[in-house]
Amino acid sequence: MGPRKPLIGVIGASKPKNRDPENAVAVGRLIASKGWIVICGGLEGVMEAVSRGASEKGGVVVGILPGGKASDANQYVTIPIATKLGYARNAVIAQAADSLIAIGGGPGTLSEIGHSLSFKKFVVGLDSWAVPGMIPAASPEEAIAFTEKQLKKLGLI
Amino acid sequence: MGPRKPLIGVIGASKPKNRDPENAVAVGRLIASKGWIVICGGLEGVMEAVSRGASEKGGVVVGILPGGKASDANQYVTIPIATKLGYARNAVIAQAADSLIAIGGGPGTLSEIGHSLSFKKFVVGLDSWAVPGMIPAASPEEAIAFTEKQLKKLGLI
Amino acid sequence: MGPRKPLIGVIGASKPKNRDPENAVAVGRLIASKGWIVICGGLEGVMEAVSRGASEKGGVVVGILPGGKASDANQYVTIPIATKLGYARNAVIAQAADSLIAIGGGPGTLSEIGHSLSFKKFVVGLDSWAVPGMIPAASPEEAIAFTEKQLKKLGLI
Amino acid sequence: MGPRKPLIGVIGASKPKNRDPENAVAVGRLIASKGWIVICGGLEGVMEAVSRGASEKGGVVVGILPGGKASDANQYVTIPIATKLGYARNAVIAQAADSLIAIGGGPGTLSEIGHSLSFKKFVVGLDSWAVPGMIPAASPEEAIAFTEKQLKKLGLI
């Protein structure tokens, strides 16, 4: 096989606000268009929106689920990983992702941001928490541009 | 998207014995030929052999890694999930798989068999541990035939 | 403080058979009498029996619970650790214990035995699975005698 | 046995700043004086300081360690739980604690705060992150007073 495809963690709340759903759909489309893989929590809200966007472009979506049933995944997840780890699965998403994009988000997303930054991962924020070390982006396109630069730095593209 | 592809857990030792590597390559080829996905521990031995077999047929291989680096995965893994959970990741493989095939194996494999059976998963054994509840198969082909029957029963194919 | 007290993992089914409950109560009493700590799954069956035995002798019982509520623990657990990790918590028990005693047991216990042996832990079996590497004991007293020898070897007592 | 003792999660960085160490020692002393149990990450920095404070008052200190060895714990931990879960253990601390106190802290602490708030836990902050939902305290004594009120509300004292 050729080199593996980058895994982009997309994190955000199950109850999104304002422009979060549109942003997540746009981010999903852009990730899939680049040939990258979405890794997310696999449930509803931002997770479903990014999955839908990636799915529209034929992308692969890995859903790291907190529960034990693959059927918990939203309908756009192509590879459901039913962990039954509860929200310890947030640490797995942060660890497994090559780079992350946070869209909006509540305290669960904050836990993922904290894990990601403590793992020295690159985290772009789109209308998200403002935590030192995160890179704010003004649009889905900018979030992807920052992510692309990071993937190049990591030698993954 | 259409229905998701079944995830077949393939478990076995990093230090395989006897015919384990050939069996694992054959099982990997058969899984990929069916259009199913391999989910395994992502490292060497049986894990690498099944990944290689699936890769030869263009299949998807999810590697649920115990460590924190995607680069720990063998070269045939297409989607490395670096969990940093240590061997608690064995429970994740058992939980996420729709059906499992154990090939040979040491105590780590035994932990995966125990988890799988306690989760009421279907586990086919190929020269593996003999645990009540497991289904012994005489060949890779038979292991796949038993697995296919189970996937039909689950409504996944 | 002085040296820490040894943690003895006691593993067994939530639905015990035959003499398992009496054996577990006796093992719990003996562990607490030695001044060691019981670490177990914290639920019912063998877990509750060993907790009861230790409690009768004023011992400390750590219950590593699969769910998210401390109130899931049986009434004899003195330190409930609600992990919400599901059965991945079995790997935690195996890892955290200095030495283990398996009493009877179904597939969940088998997963704990597999994890323990793969972590090179000492596992005594009392009417339990017969896995190469486990040490069979004929009575609670013998299980404790074997365990005591191992703790000395580890320099913990 | 009587009712179990409350578990107070104390979270903070391994590299503490300013008054964090003194605050952590004071918090540890106060927790132990109340007869409550400290649950923390078991390593150095704030974790070691709170363990030392509790230890001085004869308290119990549970250390939920990211690695696989009990000997990784600081010397004041009385019950080391070597999880080998990596930083997914942060979710376990948040889940297992009845109430939490954050002292200073970097991104790892932020992940614990995020988990705790998403689990609807009560989190007092002492010179820590300012996250909506956290309760800021001006001193160790005030942190304990807020915690005590919460434990009463939970019916644990």
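Quick notes on this structure:
Going in written order, the chains are labelled A, B, C and D, and every chain counts its residues from 1.
What we mean here is this: a residue touches a chain if its C-beta (ideal position, glycine included) is under 8 Å from a C-beta of that chain, and two chains touch if they have at least 3 such contacts.
In this text, all values refer to a predicted model and were calculated from it rather than measured experimentally.
By number of C-beta pairs in contact, A-D leads over the other of B-D and A-D.
Over half of the residue-numbered contact pairs of A-B are shared by just one pair in A-C, C-D or B-C, which is C-D. The distance from the centre of chain A to the centre of chain D, with each centre set as the mean of the Cα atoms, comes to 30 Å.
Centre-to-centre separation between chain B and chain D, using Cα means, comes to 39 Å. Residue positions of chain D touching 2 or more other chains: 68, 83-88, 91-92, 95, 119.
Against chain C, the residues of chain A that register as touching in their complex are 68, 83-88.
Of all residues in chain D, only 1, 4-5, 7, 37, 39, 55, 60, 62, 64, 68, 70, 75-85, 91-92, 95-96, 98, 119 touch chain C in the complex they form. Those residues of chain A that touch chain D in the complex are listed here as 85-88, 90-92, 95, 106-119, 131, 133.
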